[in-house]
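Two complexes follow with chain A in common, the first pairing it with chain B and the second with chain C.
Entry: the complex of A and B
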């Protein structure tokens, strides 16, 4: 391509990444504001970050794509699938910002890293090119490594380092896998027809190894078995708002990339490697390991880390279906999971601040003094279990219907297995999800809790809690958006 | 039609027990209005429909559910029972001290979901109400219950949740097999009116098979549903959560549990499992009858061996719900009608029994049968109510229990004649009646006759209060009324049973 036309094409493409532009602009503003002494207050930085995220989400919603369009000569693809996730990321970032009101330590860096992570995830969900996949996911990961250690404690450093070492090793493996796939296909853009054609001609073993490496790297981001070991340690040591962010944004970014990558590798079912089995196996293992692991936990954050591994399993089960219907179920599940996770983590954060809760046992009897807080936490946990009247029930219903529908359509027993194991796991998960509500309400507190100033329900928490119930009563509001997402190449 | 209000009462209120009472009375009035306009020859009353959600699934059409409620001859009796029992539960828990706000809120949520599940005509809506009963029950037993409440509540929750997962699997299978006639080939349906219509069965769907034996989809679906509802009913050997939950639950909650929640198991089977899968139901009917028989005998044996009065009553519930299964399995008009009659009658009687146990427990905090004797001397009205409740539960003529059981036995013997299941099942089941008489009469003899003795002292044994009369009298009157004039209820049940049996007779043709 001639330089002039490619330059023009790239300039045209710039018009379509307005939301990312806003994030970048906001990043610079926060960066500069942090250097000016009079602006560098927590409140100011927080307001700036929040404005940026809201503006970016607003732009994405306003500039909703009706069809898919490759940008920057095929580096990224602008479609409704990506835009949907972008809004979720901005909202998740915004919620994290809202609950980080007393981030007194290094607020400047904190909010910058948060913006950087959202920025990276936005690119990741649009990427159709190995280069952008790596760059975007590494941007998220680097911000993540730093944020994980933001408690500035010894265990925080340990958790962060563990995440960093596993993350960088797996990224190296992923890049190696990409190079193998590049060698096999001669194309870095995995969405173009040439890639698919070359893939079908390439030696199966080469594609299998390359693809496995790439998928493995993505499974790490999702915190799925077998690359889940970092999650409990990292979650336990990081500040709670960061964990809430962590368990949602990088995970969903990884899932979105995995959807695109697995579709490319699957090549409409023509390829010899049964990718649905590989992803389905990871889904099964994540559900079982996550749920069984959670049963034995004493620390709330470790418990939630295992829960998030199990939830990854459920979402991977939707990815393994590899059909357009499953994408709808995945999107719904992802949103509900994000909201429920925030409800639980925000409530957890409040409990930590007001009552100094460290382990699960210290929650005993607090539900009687902090009714609202305990109630919202319970709603969040019920939603993660998948019980009515919460969005979690609707999400699980869509997911299981999709699994059975896929089984019906393909006749592969894998989906039947996922269906039954998933349902069995729902019962198992009740055991540990109910542990906290059980202690909160059934036990009596040893003494009257001291802090009366904290531990109240503020509007953020109330909105999150109401949203979970609303997603049950009126899922149409969300499905309306999802129906506007048509995932296609 | 004020049915919407009937289904979704005020969820959050500030004037707790008054609000609950007002809701209860309002429900009673609404129900009376509904009954006044009820024409038994028409199938559905008070139909209300609103779209709930709809999600586009591309080539698979749409996933949609609606808020669809109505009552018919089957549910009208159960709704009436619920309204009455829930109102009495409000009266009975008038003096709850601890954590009042939580208690009344949970009770009202429970109220809404119970009536909701009896009215729901959308499978998913039914399931949601069904599941939603668990959470308030869990907390009501777990916070306001007896000493082993934590164990009992978690056991209750896990058993019932496991059951609901089976039901959910069944629901998904049914859902995928039926189409919505208003949008053929586009949408599957959860609508009970459509799924009970074989014309809407989709070709090549999981349930589209003539094979209803074990191993086929129809057989599996039936078993999944049966397992789920048998836990709720509860049928032996899935009943072990019940005695624990009953013994630990506060009186009002025991009443609701026995009188209403158990009925939802039978109701679910009658409402859609049998009509959707009549062939599988017929295939498995000897097994269903066998499970029913086992429940009757095993429940009665355990009641005989119980030392705790409340445990005795709980096991008698297991035994009586076994009769419901037996009647259902017979597939005859007498048996099925008897099963419905027995459900309502047992609702009244068990509510009365648990209230009476509560009356005694409130006074002495002691439920051991052996700690009492000669109570008849000191508490005459109380003894009279106990005698009514015991005799009604035994199935003595003149009480509602008699009608239900007689109809079930007529059905069972006719079924044995028709070769649906063995005659020995029907014959052995009659010993259940004998055992019932044995444990009740023995209890009366031990507790009420003989020289007066009470381990808790006699000064506690104050006479019945007005509040207690208000609770017990309506139940006693209703039991006797339904025992003397069964037509009052059969008038509603019969049209339902006739319609119900059409799906069965179409098989044999």
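Entry: the complex of A and C
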């Protein structure tokens, strides 16, 4: 292409990434504001960050794409699938910002890293090119490594280091895998037809190794077995709002990329390598390892880390189906998972602040003194288990219906296995999810907790809790949006 | 010009050395060096394969970005290692393990 025309094509593409433009602008504003002494207060920086994220979410909703369109010469693709996740990321970032009022240490850097992570994840969900996959996910990851240590404690440094070593090792291997796939196909754009055709002609061993390296790197981002070891340590040591952010944004960004990549590698079911089995195995292992690991935990954040590994397994099961219905189920599950996680983590954060809760035993009897807080935490945990009357029930129902439907359609025993192992794991997960509500309401506290002024339910928590119940009572509101998502198959 | 498959073998060796360093070296700085080897193995591949698809510079362009990325990663990595060193007075990840599952 002549340089003039390609320049014009790129300038035209710029008009379609307005939400990212807003985030970038907000990033610069926060960067400058933090340097001016009178502006550099937690409240001010928090307000600026929040405004940016709300504006970006609003722009994405307003500028909803009706069809899919490649931008920047095929580097990214603008479609409803990406926009859906972008709104989830902005909302998740906004909730994290709202509950980070106590970030007194280095608030400037904290909010900048948060914005950078959201910015990176927005590009990740649009990417159709290995270069953007790497750059976007690495942007999320580098911000994440730093945020993991933002408690500035001894264990915080350790959690950050462990996350960094595993994360960067797998990213490097993922890039090597991409270089192999480039060698096999001659194209870095994995959504174009030329890539698929070349993939089918290429030596199977080369595609298998390259694809495994890439999928492995993505599995680390979503904290799935076999690359889940960092999650419990990092979750335990990081500040609670950051953990809530970790369990949603990088994970869903990795999942969205995995949906696109696995579809490209799958090549319409023509390729010799059975990618759905490989992802299905990771899903099975994540469910089992996550749930069994959670049973023995004594720290709430560690328990929730294992829970999020198990939840990754459920979402990977939807990815393994590789059909349009499964993407719908995945989107619904992802939203419910994000809301439920925020409900639990925000309530946990309040309990930590008001009663100094460290391990699970210290929650005993607190439910009688902090009724609202304990109720919302219970709703969140019920939703993660998949029990009514919460959105988690609806999400699991959709997911299992899809799994059974895929089994019916393809006759692959893999989906039947995923269905039954998933059901069994839902039962197992009852034992650890309901331990906290049990302690909160059915045990007596050893001593009277401190003043009742702390630990009140504020509007953020109330909205999150009500949203979870609303998703059960009226799932059409969300499915209506999901029906407007047409993944370009 | 060196044939593509020779460079491919070299890069595979570099990857192996890098992974070996990740698995066996105890010091976090040496682990960082192992990472660099893997990233450079990928770069070699990208550039070598670009010889075969010479109508576009996609591979070489990506290699440039990967070089920048490696620098960013090293910068963040060294900062994190320094932070851990301040608390634990060691840069050996095996000795930095207070966080673990209950036995």
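In this text, the second predicted complex is superposed on the first by the 487 of 489 C-alpha atoms of A that agree within 3 Å, B and C clash if a C-alpha of one lies under 4 Å from a C-alpha of the other, contacts with A are read in each partner's own complex, and residues count from 1 in each chain.
One rule holds in what follows: a residue touches a chain if its C-beta (ideal position, glycine included) is under 8 Å from a C-beta of that chain, and two chains touch if they have at least 3 such contacts.
Quick caveat: nothing in here was measured; it's all calculated off a predicted structure.
Within the superposed three-chain model, A:135 lies in touch with chain C and out of touch with chain B [touch as defined at top]. Contacts of A:297 after superposition on the shared chain: chain C is touched, whereas chain B is not.
In the superposed model, A:479 lies in contact with chain B only, and not with chain C. Once chain A of one complex is fitted onto chain A of the other, the partner contacts of A:232 are limited to chain C, with no touch recorded for chain B.
After overlaying the two complexes on the shared chain, residue contacts for A:458 are found with neither chain B nor chain C. When the two complexes are overlaid on their common chain A, residue A:109 makes contact with neither chain B nor chain C. Of the two partner chains, neither chain B nor chain C is touched by A:63.
No residue of chain A lies in contact with both chain B in one complex and chain C in the other. Contacts from chain B toward chain A in the complex involve residues 51, 53-60, 63, 99, 102, 124, 128, 131-132, 134-135, 139, 142-143, 149-150, 153-154, 157-158, 161-162, 165, 168-169, 172-173, 175-176, 205-206. In the complex of the two chains, the chain A residues touching chain C come out as 130-131, 134-135, 138, 142, 145-146, 149, 153-155, 157-162, 164-165, 168-169, 171-173, 175-176, 178-180, 182-183, 186-188, 232-233, 236-237, 293, 296-298, 302. Those residues of chain A that touch chain B in the shared complex are 324-325, 328, 332, 368, 371, 382, 387-389, 393-394, 397-398, 400-402, 404-405, 408, 419-420, 423-424, 426-427, 430-431, 434, 438, 441-442, 474-476, 479, 482-483, 486. Against chain A, in their complex, chain C makes its touches with residues 8, 11, 15, 18-19, 22, 28, 31, 34-35, 38-39, 41-43, 45-46, 48-49, 52-53, 58-59, 61-62, 65-66, 69, 72-73, 76-77, 79-81, 83-84, 86-88, 93, 96-102.
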